[in-house]
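Given below, in the form of structure tokens, are the structures.
Below, subunit A partners subunit B and then partners subunit C, in two separate complexes.
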Partner chain A sequence: MLIFSEYLGLRIDGRRANELRKITCKTNVIDYTDGSAYFEQGNTKILVGILGPREAKQRSASQTTQVTLNVEFLVSPFSSVERKKRSKYDRRSVEIATSIKQTFEHVIIGQLFPRSQIDIFIHLLQQDGGVLEACINATCLALIDAGIPMTDYVCAINAGYVDDSPMLDLNMVEEASFDTPNITIAVLIRSGKICLLQLESTLAVDLLAPVLELAKTGCKYIHSVLDSTIKESTQSMINSVTL
Partner chain B sequence: MELNANNQKFVNESLKKGFRVDGRGIYDLRNLKIDLGNQYGSVEVQLGETRVHAKTSIELARPLPDRPSEGIFIISVDFSGPGSLQQGEKVSGPASGVAAGSDAEGRAAAQEVAISRLLEKILKSTRVVDVESLCISVGEQVWRLRVDVHFLDYGGNYLDAGIIAAVSSLSHFRRPEVLKVGETTTIYSVEERAPVPLSINNIPACLTFAYFENELLVLDPSYLEEKFMSGSISIAINSNSELCCISKAGGIAIEPDTVNLCIVVAIEKAKFLIDAIRSALK
Partner chain C sequence: MSSESGPISKGIVTTGSLITRDGVFMKGHGTFVENGEIYASITGTVERINKLVSVTSLRQRYSGEIGDIVVGRISRVGLKRWLVNVNGRQDARRKSASDELQMRKFFKEGDVVFAEVQSVFVDGALSLHTRSLDYGKLRNGVVCYVSPALVVRSRSHLISLHCGVDVVLGVNGCIHIGKHRVFSHLQVDSDNDEAYLKDEQSSLESNTKAGNSSTLPNNDYSDIYSDVNDDIDISTRTNISRVHNCIVILDRLFIRLNSTSINTAYEQSLQYFVPELLKQDVANEIAESRDNKNSAMTFKLLVNSVAYGILSRTDDLSAQRYTIE
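Here is the complex of A and B:
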């Protein structure tokens, strides 16, 4: 039903099964942060700003052995069809913020900044499916832009089944259909290990492996996009400081 | 046992030798006890030292405007009181009490949200209850079904115990019978006619694995193991041996093979849990 054309095998927005939506990203977009990134995947748009590492504001929150991460996830009231303001204490927002915090806690080399904190502010400007994956990718870019040492790139993607065939990068229409199994996965690119894995709705056990395999190739593609963005921005920075 | 570096080392070292602090095998569940209450839908579950009470109730309501032919299903989770996740994290002494409280509170709140969201996801998004059967007349009147999950004692692994409690409570519950003749609907009280069970599509069971350094896995982590683990992964399996939900939010990254191993173990153990729930309800 969601497949646009049986004959061509195209999806509702004209993509093929293993095709991602267009990714546009840019780092260093806000002047008064230590690192920032703008990430756009299809119509999902996200802005991330990083403050820190800096002295922990609350001494009680600081840890003596490693850095404390503070993640705030804000959904703009104009981000979806429903014009509703969601507070940052909304349970879904807290859930996403916690997932991102726990994902990056073990990727950032936190032992280098004991008693400090890093604030990550994520603004969801527009949502069209794959919010969590886009947030992770955007945060990864912004952290690199802020020069925070990490062990690896974290790249995330969502995937699922539409009409019994595995699909990459579901948009909101595909996500919303009830029977679509939806998997969000974040992997460390070099080691291929899984940082985050979320599956919603039912899926037969033997169908998990093919969709994970597909998702991994998707993550590799996202890594190439993120990496070239970082290299470009670094190059332009080098060019601007030549004496 | 206190939460300190020595104990953490002890837990980790013994795991490396294949022992758990409480003497279980690495894929053993703790003792499960399902107590059915006197009322329909009141169930108390004890998984090791973790205690959860669940109560199902029902009332008449107007359907939601966007779903006129579906009943309303609400899950409410309560962590207050002795079941709070902060217990044990509060450092004694008047000076550090406030300071330690704030961060522990923040962390506990996030963990509580994560657990209640997962409970909701597993019960709702996998269609445990057939909400369409809760409709009395389209657009006019439906049943509003509510499950209250109260966490009483925290001994680790709230999620698995919570799912068992909620599912047993839903299966144990009986609602008043409704008879519709033409335009008139009659709702018979429990005294008039024997109440009817809810239509339950499938019974899910959730299994949580904790992992430690070197990807050592244990099933059903206890309080101590949960405090010292490097991360956890929860897998929900339904009675048809299908995956309902997987949740691994952060923690140390693990190999894809470890995930597969968890799934294989979870399927086996889910059968056992679902059988336990069914036999308790008989």
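Here is the complex of A and C:
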């Protein structure tokens, strides 16, 4: 399938190579959680709820110096065209949950909550490519909403390389296309460090740098969206509490 | 003061943003240091006390401090202690020294207790005491949970309303609403009686410091630890649910809970049926009918403004601030 028209310089959904899909997000959307976020990136829709830090439910899982992160990733059966039922423990779901856990272990200041645990529940409501990136962005938003101390924002994006040009934020059709390499990176915004990098399919080494460069720029943009959402919700909370 | 101590960010800071480069400051809660610079680890407002810089968030879980009055639910009964879920980072403990054989006679799983924080452990776990006769088991009512930021630490966490309903505000955001009872020691914020029992406050504090085993007089045992509800007449029951719903509304609007805000909300709610209060569409409907002076919208504004002394009269309010969403 032709996913990039060189003639027009447009992708299958009308974007240019360096354009992101529309991001809509909102925090504090679920009542009985400590923090929650709803995140849409194009047609990928995600809901995240955070519980904790609270007493570890299993004694065996609790650590004496650190907080324990528990990530559950759930795919709704109606999330994609193929109505395939996926269990919580299928290989791909476990992989995504582990990636998210490892990503956030870097930034959460866990020493503050020994013997406690933080539960992160991620619900994938609809998928249209870039599931991992959207999950990381949504989780970051929800963790900040929950007031969990972190050293930095973590923003993620995926990128690929099509027809001699790096391409940002692949959707499902682009991801599925056979010869598109697909890189998902998560970036610590302040330091610019990459804390997660996943590559599916292959990419020539000399092409990695330009793709990463583009992806980092994308992350900065995502950070600005997340940051303004957080600031807005905090401001409205402060307004109503001090009015 | 500010001229000598260098630049420092004001207002809202978000996670990872720089607060100050100046090395003279010390990091407080919600901050961390990297390369001698202080950054925010949570989102909130910067507060500064002399050289100590901290960030306070409105969305954090409750973390206890000595002397806090909390309401919690017994989650487990151990051999020598009760574990109380106070909605904090760690469950709290109410220790007992003498009563090991009959632990469940005093508190069982699921009981709602009202206690004071005696000490805080390094991992954030709390130790509670119920040393005053007023502390102990709560019954004859309902419990609801609000955002802990809405309950500020104050002199009195007991509110006695006109309608025969008592509200116990736990600093942890757990609130008990129940039938009126007589508190013998603690200071009650009451409409009926303005006389405060101030001297009891100091005796409480000395109790906290003493750290002896619990001393409760024997005569009141059965009453204090009873978990059978009294007879509650239908009007009190209605009032309890009304106050409960008012508190839920205040929580949704993110308005601080105190005797003024709860009283105002209660009075304004009297024109609606109790179950109506929580319906968004009913509230909106009423809000849309512009000629209705006492609309839900004005209710929201009323609670907001009366509680904080901006305006005190309904007429003024509806005249001046009708267009706000």
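In this section, the second predicted complex is superposed on the first by the 237 of 243 C-alpha atoms of A that agree within 3 Å, B and C clash if a C-alpha of one lies under 4 Å from a C-alpha of the other, contacts with A are read in each partner's own complex, and residues count from 1 in each chain.
Keep this in mind: a contact is a pair of C-beta atoms (placed from the backbone, for glycine too) under 8 Å apart; a residue touches a chain by one contact, two chains touch by 3 or more.
Since the model is a prediction, treat every value here as computed from it, not as a measurement.
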Going by the contact rule set out at the top, does A:Ser60 touch subunit B (first), subunit C (second), both, or neither?
first
After lining up the shared chain so the two structures overlap, which partner does A:Ile148 touch, if you call subunit B first and subunit C second: first, second, both or neither?
second
Name the contact category of A:Leu196: first (subunit B only), second (subunit C only), both, or neither.
first
What is the contact status of A:Lys220 with respect to subunit B (first) and subunit C (second): first, second, both, or neither?
neither
Let me test your reading of the model: by the given contact rule, A:His106 touches which partner, first (subunit B), second (subunit C), both or neither?
first
Between subunit B and subunit C, whom does A:Thr234 touch in the aligned arrangement: first, second, both, or neither?
second
Identify the partner contact of A:Gly35: answer first if only subunit B is touched, second if only subunit C is, both if each is, neither if none is.
second
Where does A:Lys26 make contact in the superposed view: on subunit B (first), on subunit C (second), on both, or on neither?
neither
Can you list the residues of subunit A that meet both subunit B and subunit C?
none
Listed in rising order, the residues of subunit B that touch subunit A in the complex are 99-100, 102-103, 106, 109-111, 113-114, 116-117, 121, 125-126, 230-231, 233, 238, 241-256, 259-260, 263, 267
Residue ranges of subunit A touching subunit C (in the complex, touch as defined):
28, 32, 34-35, 52-55, 109, 113-116, 144-153, 189-190, 227, 230-231, 234-235, 237-238, 240-243
In the complex, go through subunit C and note every residue touching subunit A.
12, 14-16, 30, 32, 34, 39, 41-45, 57-61, 88-91, 122-125, 145, 149-150, 253-256, 304-305, 308, 310
Subunit A residues touching subunit B in their complex are 58-61, 91-92, 94-95, 97-107, 183, 187-188, 191-205, 208-209, 212
